[in-house]
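The structures considered in this document are given below.
Paired with chain B in one complex and with chain C in the other, chain A is shared by the two complexes that follow.
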Partner chain A sequence: MVDSKQQWKAWLYLSPAIILLLVFTVWPIFNTLRMAFLNGYGNMAAMGGATFDLGIQNFLKVIEYDKFIDCLKTTAILCVATVPISTTLALLIAVALNSIKPLQKTLQTIFFLPYVTNSIAIGMVFATMFNIVGYNPVERAADTWGIINNVIQFFGGEAISWINQGSTYTANIAVMIVYIVWNALPFKILILLGGLQSINKQYYDAAKVDGTPKARVLTRITIPLLSPMLAYVIITGFIGGFKEYSSIVGIFGEKMGPPDDAGRLNTMVGFVYDALEKDRQGLASAGALILFVIILIVTLFNNKVIKKHVHY
Partner chain B sequence: MKVVLENLTKIFPSRDKKSGKEVVAVNDFTFEIPDGQLVGLLGPSGCGKSTTLYMISGLQKPSSGKIYFGDDDVTELSTENRGIGLVFQNYALYPHMTVQQNILFPLQNLGGKDKLSKQEMLDRAYEAARLVQIDELMDRKPSELSGGQQQRVAIARALVKMPRVLLLDEPLSNLDARLRLQTREEIRRIQKETGITTIFVTHDQEEAMSISDVIVVMKLGVVQQIGKPQDVYDDPKNLFVATFLGTPPINVLEGKVEGGKVYIGDEAVMNVNGVEDQNVYIGIRPEGIEPAADGVLTCKLNNVEVMGRDASVVSSHENSVNPVVRAIISSDIKVDTTAEAVKFNIKPHKFFLFNKDTEERVYFEVK
Partner chain C sequence: MSTKTTVMQERDVKKRTLVQNIVKALGKTGTYAFLLIMALIILFPFYWMIISSLKTLPEYRQAIPTFWPREIMWSNYAKAFEEANLGNLFMNTLYVGLVSTIISLVITVLSAFAFARLEFKGKETLFGALLATMMIPGELFTITNYITVNQLGWMHTFTALIVPFLVSVFYIYLLRQNFMQIPNELYLAAKVDGTSDIKYLWKVMIPLALPTLISITILKMMGAWNSYIWPKLVANDAAHQMITNGLRNAFTDTSGQANYPVQMAAVAIVSAPLFLVFLCLRKYIMQGVSRSGIKG
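What follows is the complex of A and B.
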């Protein structure tokens, strides 16, 4: 135990961290709770001297708001589609990287580069590849198809309006999935590669002696032994997926949708930001709390499912 | 299946470029293992036993030399096609599978015409498990087993697909003394029952001597001697083999041969007519000397340890290389423990001469 005379020293050393946590984590959480349960709370109004009743009106408003369901739907679709794809791809790439001896370090660096690149910048590149409206007049859009449409046309297909005027929701989501998967890969590859390199080589020798085909080595040995890392990657993937926002801004801009249907791809976090901008902090807080509860439930569910499949 | 090793050599390239010293882990190993025999590869740590085993398994490629299974040259054959069973030094059981899944795994990999039905696999797995007496533990994970049980699971996994050759890398090193004794008998029994040519690695000479048909003694990658355990023990080719085999270890003393007589200090202890004059190491097995009033070798008596059937006379001699000179005698023979000195007689066939420089055996006629 620390001598009681020394205790103030301990507190002193801890104080920077504690103060920062109090100001930027504990107080905002508390404040969010407070605002969420004050009916119709808004900062401006509060400063103007208005008072608010305690209640759950904010929550009811969030749920009643028809766009909210759309936000939830888009978020859920993006999550459910991207996490399995990016995890599978990351696994395959990590396994391939791990089995390559020459240039391994170089390839690792290349695969990790997107991680240190700004996601808005990446979004703009993707937007150009899928061709974004606004960079060119709409009437000349046909001349400026991005590289994806060029490839499609090269193989005799018909150009698709991915994100431009008249694009479908499905096409929009497809672009988002490609982008989010690509963006999520480096971190997952890094984690899985680390996991692979810590697996005892002797299991592979044993598998060789047992005459195990390559595919079975992957499914029966590598994946089970990697399951703790996979679980981590999947759970954090879902959590990140439910907070998806900047990726959509990266591709569609702040309008969160194609030019003729702004807000079509809005997500939960996008909804919260919108409410904040309109000085409806009560509504935003309620939305954030609902998002928190959803993430909590999904994570608990994930944990339960994953526990059955994670070894040791 | 007989296994033939022909000039087998393994050289590991040096790690750091500066010193540039490569490691010759196995050096020019030639040996034919007859079908159905149990061979013990014996030697101190780092002498290349595991490396030899891994080359036979195909997990490591020889730098040069050839390996034959029967008449087939398998040198270039990959591990999975060699049809071997291997028990690793630390078992390498798959931690996420139960005992049953571990044992089934090699069978599930069989494809084509060797493919087995689910029931056949289970039957074979249980048969292998019964052989090593772990059929009660089939639903446990490896982490829920004792070292000895893991060992036996590993043996069952290696045996279940009826390998042409069974390779065991220090299979008993993690067991306590009793279990080790029991398990080595079991390995012997299993090997006899299955008739699978088996090579097992150990650094415990007693273990190797007790169950092997043939032992191979290695040192620094070089084979020192090959033969039946008792033959190697009775007729070691050099000082290393003589000192490596036997517990308690052989007594080694410095001496010289002069005019057909072996001298330890001033005492002439043996007539060896026809042997050239030279400096020698003298090796005498503990059971090869016994106290006698008219003995030829005088030692300072330290104490006498009685261990049931046997007694051990512990003495010292200034020319001894070991700290003590030990004689194992029947405990019926009484030794005067109060005496300062003890005189020993030496049995000629337990008495070996080694040239002091080459440490090679110097042979002489026993008269």
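What follows is the complex of A and C.
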């Protein structure tokens, strides 16, 4: 039975949340849609009394804009490269952690550490590790090659300009992949280890009785039973990957690229914020909607692939 | 004849267990070796940050790096604190973090209570609608919120940093789940005794849901500590700057002439509070994260 006093009370308790959600969540959904379909919408201009025609010009402009295609490319490369690497590594680490007793807690804590860091601050640490200081092109010598290049030289390789003047796009992307994987591991290990620990021990006992080899136990028991968690970390990994932004700011600064080619590593989110700050909210909204649709498609696609392989 | 076979079989079994033991020991060694190498890779950036922060600039710039500072420069830390104006940034971030956590907890508790305990028309629909908003990426909201904050005259105020993020549907969901596990009889008994809702919340629900509330608090504080994009858009002036923005803005020189040891000292100072909190409250953080799947 619903009594009226409870009704009244419920709405009273919910009112702060509802008011804030209406202003900062519900209204933005409608307004962003509206701005995206008003050709060339800008807020300053709108406040000055300008009117805008309904249309899809913003979307066309976003797609035609070659820098947007670059952003899309960088985002997609980072996504496609980092998600499989970090998921595989996290799976191996989680399985290894689950199979040991001494040191398990300590190692688990160490593997979680990158999570409790500020992605901009630690990005600056990675930047110094890859950074070449005081390069002299004539003598082909630098004061400091950066520790990563020192390691490469120690094993007989050539030093590479990773993030400095004259670095290649491939080198920049390689740095980003290393950093993003390092950053993504803790969450994935945490989820996968949690999943492993909840698998019924009887499966493993049965495999032991049958004398099943370890590799087969991994592919036939562990991975199938872990598949819901694997699906979860892969999907969240892709969503996070498509929203990559601050890790790049951490390493390259707000220029989003090496000193001689600012904006080279800009991503979709970076594109949206650039447009927003330049008072081109229509363009920003269209970009954000495209991002939303891409994330939606990737998630649905993943779901479909995963449904075939996930065993609940 | 039969004794001979048993002896041979026994020898066979012994041999097999020996081989098995060797394989097992090798496997264990391999597992530990893999984990330790990975742990070293994970830890290396932290180690590099700390030793770099303690070096003198000439030592840092040596062609062959040293793995332990020859002369320990504690003064780098003092310099970093001053140069990046970290004291001010700490206070700003702490203020925004604390105020938004407290208000956010009150709103979350009230809403979760309504959804978990009270009956009202449209409850399921409303809850479903709230959950649906979680699917939309935050960037979509940011664009309009930027305009809203501008029109409300909140630019370059703490209000702009606090108010738009007070309500998190996810925290309401998390706490509602927790509240629902508390038997309803307790609430009805309290009603019979004439206890008010607020008193019941305070005396029964909140203590029982304390672990979830602690997780929310930590994630919220971490969020303030790590926020970068939104503060950069709406309050990037000296008086309201948050710690991450201040850190990034103070060290923008990528030309190679920067004083890297001081920069690393600043990074270490900014990272330290998160580590301390993590080491003290590891359980809550890992629990909260494994349920939420969000960073900060």
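Convention: the second predicted complex is superposed on the first by the 300 of 312 C-alpha atoms of A that agree within 3 Å, B and C clash if a C-alpha of one lies under 4 Å from a C-alpha of the other, contacts with A are read in each partner's own complex, and residues count from 1 in each chain.
Everything below uses one rule, namely that a contact is a pair of C-beta atoms (placed from the backbone, for glycine too) under 8 Å apart; a residue touches a chain by one contact, two chains touch by 3 or more.
Quick caveat: nothing in here was measured; it's all calculated off a predicted structure.
Which of chain B and chain C touches more residues of chain A is settled by the count: it is C.
Shared-chain residue A:Trp27: touches chain C; no touch with chain B. By the touch criterion defined above, A:Asn200 reaches chain B but does not reach chain C. When the shared chain is aligned, chain C comes close enough to touch A:Phe112, but chain B does not. Legend: residue contacts after superposition of the two complexes on their common chain; A:Lys208 is shown touching chain B, with no touch to chain C. Legend: residue contacts after superposition of the two complexes on their common chain; A:Arg220 is shown touching chain B, with no touch to chain C.
Put simply, chain A uses no single residue to touch chain B in one complex and chain C in the other. Residues 57, 59, 78-81, 84-86, 88, 90, 92, 94-97, 105-106, 108-111, 143, 157-158, 161 of chain B are the ones touching chain A in the complex.
In the complex of the two chains, the chain C residues touching chain A come out as 27-28, 31-32, 34-35, 38-39, 41-43, 45-46, 48-49, 52, 60-65, 106-108, 110-111, 113-115, 118-121, 123, 126, 130, 133, 136-137, 139-148, 150, 163-167, 169, 172, 197, 222, 225-226, 228-229, 233, 243-244, 247-248, 251-252, 254-256, 260, 263-264, 267, 270-271, 274-275, 277-278, 282, 285-286, 289-290, 293, 295.
Only residues 1-3, 6-7, 9-11, 13-14, 16-17, 20-21, 23-29, 31-32, 35, 43, 89, 92-93, 96-97, 99-100, 103, 107, 109-122, 124-129, 131-135, 141-145, 147, 150, 163-164, 182, 185, 187, 190-191, 194, 214, 232, 236, 239-240, 243, 245-246, 249-250, 252-255, 259, 269, 272-273, 276-277, 281, 284-285, 288-289, 291-292, 295 of chain A touch chain C when the two sit together in their complex.
Every residue of chain A that touches chain B in the complex is listed here, in rising order: 200, 202-203, 205-206, 208-213, 216, 220-221, 224-225, 227, 311-312.
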